[in-house]
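First chain written, first letter: the chains are A, B, C and D, and each begins at residue 1.
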Amino acid sequence: MTETADTQPGWLAPEELESVRGRMPVLYVQAVPVRVDEAGQVTHIGLLLRATPDGSFQRSVVSGRVLYHERVRDALLRHLEKDLGPVALPRIPGSPQPFTVAEYFPTPGVTPFHDARQHAVALAYIVPVSGDCQPRQDALDLVWFTPEEAASPQLREEMTGGQGVLLRQALAYVGHAP
Amino acid sequence: MTETADTQPGWLAPEELESVRGRMPVLYVQAVPVRVDEAGQVTHIGLLLRATPDGSFQRSVVSGRVLYHERVRDALLRHLEKDLGPVALPRIPGSPQPFTVAEYFPTPGVTPFHDARQHAVALAYIVPVSGDCQPRQDALDLVWFTPEEAASPQLREEMTGGQGVLLRQALAYVGHAP
Amino acid sequence: MTETADTQPGWLAPEELESVRGRMPVLYVQAVPVRVDEAGQVTHIGLLLRATPDGSFQRSVVSGRVLYHERVRDALLRHLEKDLGPVALPRIPGSPQPFTVAEYFPTPGVTPFHDARQHAVALAYIVPVSGDCQPRQDALDLVWFTPEEAASPQLREEMTGGQGVLLRQALAYVGHAP
Amino acid sequence: MTETADTQPGWLAPEELESVRGRMPVLYVQAVPVRVDEAGQVTHIGLLLRATPDGSFQRSVVSGRVLYHERVRDALLRHLEKDLGPVALPRIPGSPQPFTVAEYFPTPGVTPFHDARQHAVALAYIVPVSGDCQPRQDALDLVWFTPEEAASPQLREEMTGGQGVLLRQALAYVGHAP
């Protein structure tokens, strides 16, 4: 799963985290940033653009670990701020019920989701953002797509590890045709 | 179900609506207005206060019919504006998935919900509002309660037709103890 | 929306129903029949095959009206029995929360769903069936598809009125890639 | 959170698990076993009865860890079999969407859920069981309650760590008055 470095120190040293990653599932949150109109209809979906070590590009939603003693909603807020900047004004959902749970397995094919490094289980939420987004850290850009563009096969190819599936699940959840 | 008069003319004359009400289920939307903090946590629930013809008071959520050729999200927006005024700034959910479906039967006891006038089926949503609420029409007031206050037995007694159940379902959905 | 004739008399005479259909939204239920394995994973999706008046074929999920004084779960059970026969053993969900609400408008393009006859609002549910399905009435057959087959563009073309969108939303909801 | 010993060895030695428990959130599943009627309506809720070390009794839902490289649905199945025996015939939900996410914090008061040993995040599901339940391991009994009994204040006092809240959230989700 694409993920930027944590902006605040984790409660596990890096080598400990690596060790744990091979032995228990790691809890993640994932947020699909959206623009909505006055009636709540999703008009655009925001995807981060990143350069990969091999020189290609990939698109992704906002993702990150839930830390020890951190609420899921605080983890969402932290990762959204980390990836979209301090004035994105995300509206974290009132309910803890995610629209789906994405299970990233180190072995491909167990589920539609894959993460070579670890077994990660991600609670996925739609998050309307109304402010100005300034991608930070290793993201090159945040690009807004219409639901039709987001459902295109081309975009799907630019997302790895099953995030294209997650994006289509998000589109389905907000009433669009994936 | 408590409901104010429609502010825009329906597509059915009043006597026709009365006739239909006794012969097919009528589609409603219900919205539980909430205040949320930066992390999306619900801090307050808003309930309308109304005087009943017999001189007592009752509290209710925002309710109203879905009209012909009206989207559910537009019906939500219309009834929220009708009951909370034009500057309440409601955030209609992005997904059409309601947190529950409340079935109001003219016969008490079929479900926890009862409406002597009709068989109404209501799609229920949590709607954060960030603006200034000015109850209009026949509502005397909009009062904000903490989740603890909203879960109290006393408040439950001030809600009729099963709306106390709906309120508790809303509290449960946003992670509070009903 | 494809729909078989009601097996029990409605509470509205046909001409009355026609009249109402042009003036208020009509409440429907839709059920996507699925086969599941021991762990609840959906292995197959069942679609009805029908001949249309113009001699072509189309596939659809189970659909039908909610009658006056009928619970949503009883309407689901009635339409499933009507379309799949008496020994399909459907497992109606415990929660009234639908996976989506599909709004069929008489005007194309308002939502992804279209029904020339009426404004229908359908509560959509996934329904595992474990018994033997014997399509009745005007359905020629019930065909089971794997999730991969169900997501194919070809199948989508055989579904009208937006039911292909509903099918993809159902696939997304049960964790598959639509 | 009440939990029986794992019936199959975890991928972490006990002392390692203790160490990790203090430093990252641990992923759990929780299942509320229910009996349903033909129309899917929940008629009874099953709660495990256990003796505590101090000689009192407490009631709980089915709970347990998700292991490394185990799907959420397989963890549900494993813990249900562990607690209810091999012929309970649980019907694991088709969708990975939980009805809520319960966050058990080692510090009381952060959320309604508390677990002195660890920070556990539980995906909670309603699971209809149709077979014969034979509680195993350290559970004394599995007792079935009507929704009205399950909502009683007395029962709430017999559940610890916030499981009474989870039970009420489950009742709300299946359409009952908590």
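Convention: a contact is a pair of C-beta atoms (placed from the backbone, for glycine too) under 8 Å apart; a residue touches a chain by one contact, two chains touch by 3 or more.
Because the structure is predicted, anything quoted here is derived from the model rather than measured.
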item: Co-neighbours of chain D and chain C - touch as defined; value: A, B
item: When chain A is superposed on chain D by its C-alpha atoms, the rotation angle in degrees, nearest 5; value: 180
item: Interface with more contacting C-beta pairs, comparing B-D to A-B; value: A-B
item: Length of the line joining the C-alpha centres of chain A and chain D, rounded to whole Å; value: 28
item: Chain A-chain B separation of Cα centroids, rounded to whole Å; value: 33
item: Where chain A touches two or more other chains, by residue; value: 71, 95-97, 99-100, 111, 173, 175
item: Category of the chain touch graph - line, ring, star, complete, other; value: complete
item: List of chain B residues in touch with chain C within their complex; value: 11-12, 16, 20, 22-27, 66-72, 95-101, 103, 105-107, 110-111, 119, 121, 123
item: Of chain B, residues touching chain D in the complex; value: 100, 111-112, 162, 164-165, 168-169, 171-173, 175-178
item: Chain A contact footprint on chain B (complex, rising order); value: 34, 36, 38-42, 71, 73-74, 76-77, 91-97, 99, 126, 128, 173-175
